[in-house]
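Two complexes come next, and they have one chain in common, chain A, joined by chain B in the first and chain C in the second.
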Partner chain A sequence: MACGVAAAMVAAAFLTMAVVLVAKAWSAADLGFLFDPSSRVADRAGIGPALAGTLWLAALTVAFAFPVGVGTAVYLEEYLPPGGVAVVVSGAVANLAGVPSVVYGVAGLALFVRGMGMGPTLLAGGCTLAALALPTVIVTSRAAIRAVPRGLREAAYSLGATRWQVVRGQVLPAAAPGIVTGSCAAFIRTVGEAAPLLVLGAVSVMTFAPRSPADPLTSLPTQVFAWSTRSQQDFAAVAAGAGVALLLVLLVMNLVARVVRRRLQGVSA
Partner chain B sequence: MTAAGISVTRRAPRRLADRLARPAFLACTVLAAATLVAVAGVLGVETVRFFGTVSPVRFFTEVDWTPFAEEPRFGVLPLLAATAQITAGAAFFAVPAGLMTAVYMEHYAGVRTERVLAGVTGLLAAVPTVVLGYFALTFVTPLLRALWPGTEAFNALSACLAVGLMILPTVIVFTRNALRSVPAALMETGLALGAGRGRVVARVMVPAAAPGIGAAVFLAMARAAGETMIVTLAAGNQAQLTWSPLEGLRTLTAYIAQSSLGDAPSGTVQYGAFFAVSAVLFAVTWGLHATGRFLMSRRSRGGLG
Partner chain C sequence: MSVPTTRAAVPVLAAEDLTVRFGRRTALANVTLSVPRGRVVSLIGPSGGGKTTLLRAFNRMNELVPGVATTGTVRFDGVDLHGDEVDPVEVRRRIGMVFQQATLFPRSIFENVAFGPRASGYTGDLQELAEELLAAVGLWSEVAEDLDRPAMQLSAGQQQRLCIARTLALRPEVLLLDEPTSALDPAATARIESLIHSLRQDYTIVLATHGRRQAARLSDLTAYLAGGELIEYGPTETLFTTPRDRRTESYLTGRIA
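After this line comes the complex of A and B, so read on.
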């Protein structure tokens, strides 16, 4: 059957990619690779600074975009009366959800790196990635909030609960699993982005691990890119190694989200 | 513990929280709106400033893109054509494969196979595009060069294949949603009338889901047009008009990513060019994305006509 063949081909393409990546990364794999600083010599190159940079960026992005995004979703769904303003805001959010990440990089360069004078730092990277994740976090959180049955709210209101009590006690607990799942998907996609960081001016050879958000911008995705563009054979292995490390970071983020989600479901059930 | 969570005894702190809640949520909304307005605004302002020095007519009609030459030329057509070629090429590979995979998952596969395929789709969606670009450059391109020795080291075909792989999950997920929203009764009626499963799927189920499938295609193409890292790594940096898929080309996104913008001084015409290119890219992806969302809204209104 043709459709079955197509499905098998899709699965095969994915497997090929995974196998090629791991096979190429194999020779780079040792413990030093994880902690060593980046280097111009492939043998001595490690992903220590890039890994630390990506962890910083992930933390900053979640810290900025999650509260603001969920807060906005709650306001739009529970507080703002439906009508003109609501339509304008949700239209704008929906439109910006489809804008390519590299465009956010250009805007971030003008706004954060130059406009606010942050320079090409992890902080500027975190702000840009947060802006990139924001529309998706808002859209998925709104969908999760809207899926909470009306009756739950009405029952609480009829018992004399105030709006905040309804939001805090009923809506958020019921919507939390959906909010976490949707936001986490957005954050995983954002943390894997290289394009906006490249535009902001990420460094490709960094000799020390960043200790604060004011340190220079470095990350695993941009490190994979920088090493991929080098023609020497041995850099292909470290690029693949950095790619595998990036995939592992994203996998851990996904596992954390799953655990959090299971906890939340346990509480609200 | 739903209704039990409401305590009627703790009165005082509740009032304070109540009074703070609305302004706090409003502040979040204002901050989010301000960020997104600033993103759109800075693009608009710099683009308008750029068109103050470079005529928009020349920008959209000339065929030379040499912003850093002695006599800079800003003809965006080669970049725009390259983006169109990559988008169309990626869709050429991903749409049939994704559509058929979605049909297989919805109408043929057993529970276990479906779960495996859904898992693969989810994993593929989480793979960063820079990793796919690496795959294209170090695996697909050498393969193509072995097949067709004339292939350039940077070529459009390799990028199209990898971008196609990247947009597959989008095509599959949205097509599945569209197929799932078609009433199962249609399938049962068709089968009861004696038509084979393949016939009912091809003649009834897929046509009934057409608007949703169209939405899947446009949303996937919007992602393909905005994809940066794969084309930057695999398609090269020659801003040229060419029809050959085995030659290199340079898309709107690749130009932005490759030109190490961080070094261009603010206020120069070259700096402005990044914003103009970004605005064009914005317009292209917005058009595709809006069309996709329009088709999606038609789907949710139902109607099989």
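After this line comes the complex of A and C, so read on.
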């Protein structure tokens, strides 16, 4: 009963948010809005570059953080012997998962934008978001790997498999649905982040859609932020429109994760 | 290399003063026991008596458990299994193991049989090999029409026979069977027992079992382990009819569970 009420409240909260956003965004909604570049005039402002920027950032984040995160999780769970080093690394990863995103922005600014000379580009943004997602990817992947029954590992070892054959052949396939679910939740949270990108120096008015990671950093969340701080009333609708677009992007990411997970489960069932 | 006659004299497996500890718990204490080639050796005794630990010492499975400490020697064909040049992966390819619970991979029947040979770089026809091994465990006629079926759909008895087939796929010299029938009903147990009986032609078998009668039916030699110690070891018939140790007698007459 209580759970039912709680579930209803969550559903209601989500619906309310969606209705408010869509209602606000209604006046801005037309096809041009999706593709037009941003502008100083609300009527002509579109989210084309910001949308493209967010898609770039999502791709870069997943491309960097997923292999590194899963690889680290495998190493920590299957290779590193338990003891001092493992405890220190586990503690560090758990702590990093709790560091506020804006702090990642400051670190990214020093390391990627300035230190490595990337400048305020999508690449720098992708690296920073990947670093932000990484601890969560590692933690959830480790949990999924640890949940694989010991009997499965032992059976594989007893059949003369090497450590890598056990990991590759049995542990990873069994853990894959959990790894994908956990990692995707991390990516969805990360791609919706505005704070670290603002610190890196995201541009709020961009006249062309980025075509490579070396193009200037722009994204939907930072665009929402930029428009919502404008004094002109008209920009509120545009900001809400960008918010809806961001939600849709994240929804699509979630759907992709579901499809991938279902296929992985089909393979291992 | 040694002359064949002396080779027959060397036991396939030998534990010498073997002690295994998991953290503070001593699972096996100063056990010395040898397994002659081509024989079936039963390990009997109460739960926690050391049967499984001894079995797992023979193919270096114990070391996969964190916090394990082993002293003493285990020899395979006279070679120290813990020697520097010995690869545990190679050991497990030559000494096969079947577990108490059928631990099939959540894949097809075929994939389960193919995993071991693939891991060790088998280059022959896997389909042929699978058919041969499934026939050897009496499963071929039951599953021949669909090897791509998920292995988990098989009955418990079939699953255990598939586990045995999967282990045989490595062409091991020794089979370690850890209470292979304890989770099975009497009919499935009877099938596994007759399978073990037919496998004794080609393999040296070490069988840990709860069933005293199973040990009596299947084995040439029987060892009674309790509290991590080897209490008595000898020809099955002697041990069952005229045990030397009072503890063995108590166990066999059912006064110790």
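The rule we apply is simple: the second predicted complex is superposed on the first by the 254 of 269 C-alpha atoms of A that agree within 3 Å, B and C clash if a C-alpha of one lies under 4 Å from a C-alpha of the other, contacts with A are read in each partner's own complex, and residues count from 1 in each chain.
Everything that follows uses one rule, which is that a residue touches a chain if its C-beta (ideal position, glycine included) is under 8 Å from a C-beta of that chain, and two chains touch if they have at least 3 such contacts.
Nothing here was measured: the structure is a model prediction, and the numbers come from that model.
Between chain B and chain C, it is B that contacts the larger number of residues in chain A. Contact with chain C, but none with chain B, is seen for A:82 once the two complexes are overlaid on the shared chain. Within the superposed three-chain model, A:158 lies in touch with chain C and out of touch with chain B [touch as defined at top]. In the superposition on chain A, contact is made by A:169 with both chain B and chain C.
Once the two complexes are laid over each other on the shared chain, residue contacts for A:11 go to chain B alone; chain C is not touched.
Once the two complexes are overlaid on the shared chain, A:259 sits clear of chain B and of chain C alike. Taken together, the two complexes place residues 152, 155-156, 159-162, 165, 169-170, 174, 268 of chain A in contact with chain B and also with chain C. Residues 1-7, 9-11, 13-14, 16-17, 20-21, 24, 67-72, 74-76, 78-80, 89, 92-107, 109-111, 113-115, 120, 130-131, 134-135, 138, 152, 155-156, 159-165, 167-170, 173-174, 188-189, 192-195, 198-201, 221-222, 224-225, 228-229, 236, 239-240, 243, 246-247, 250, 254, 267-268 of chain A are the ones that touch chain B when the two sit in their complex. Within the complex formed with chain C, the residues of chain A that make contact are 81-82, 149, 151-162, 165, 169-170, 174, 268-269.
Here chain B touches chain A in the complex through residues 1-3, 5-6, 8, 14, 17-18, 21-22, 24-29, 31-33, 35-40, 42-43, 46, 96-98, 100-101, 103-105, 107-109, 113, 116-117, 120-121, 123-135, 137-139, 165, 168, 172, 198, 219, 222, 225-229, 232-233, 253, 256-257, 260-263, 266, 274-275, 278, 281-282, 285-286, 288-290, 293, going by the rule given at the top.
Residues 59, 61, 64, 66, 89-90, 92-93, 96-97, 99, 101, 103-107, 115-116, 119-120, 150, 163, 166-167, 169-170 of chain C are the ones touching chain A in the complex.
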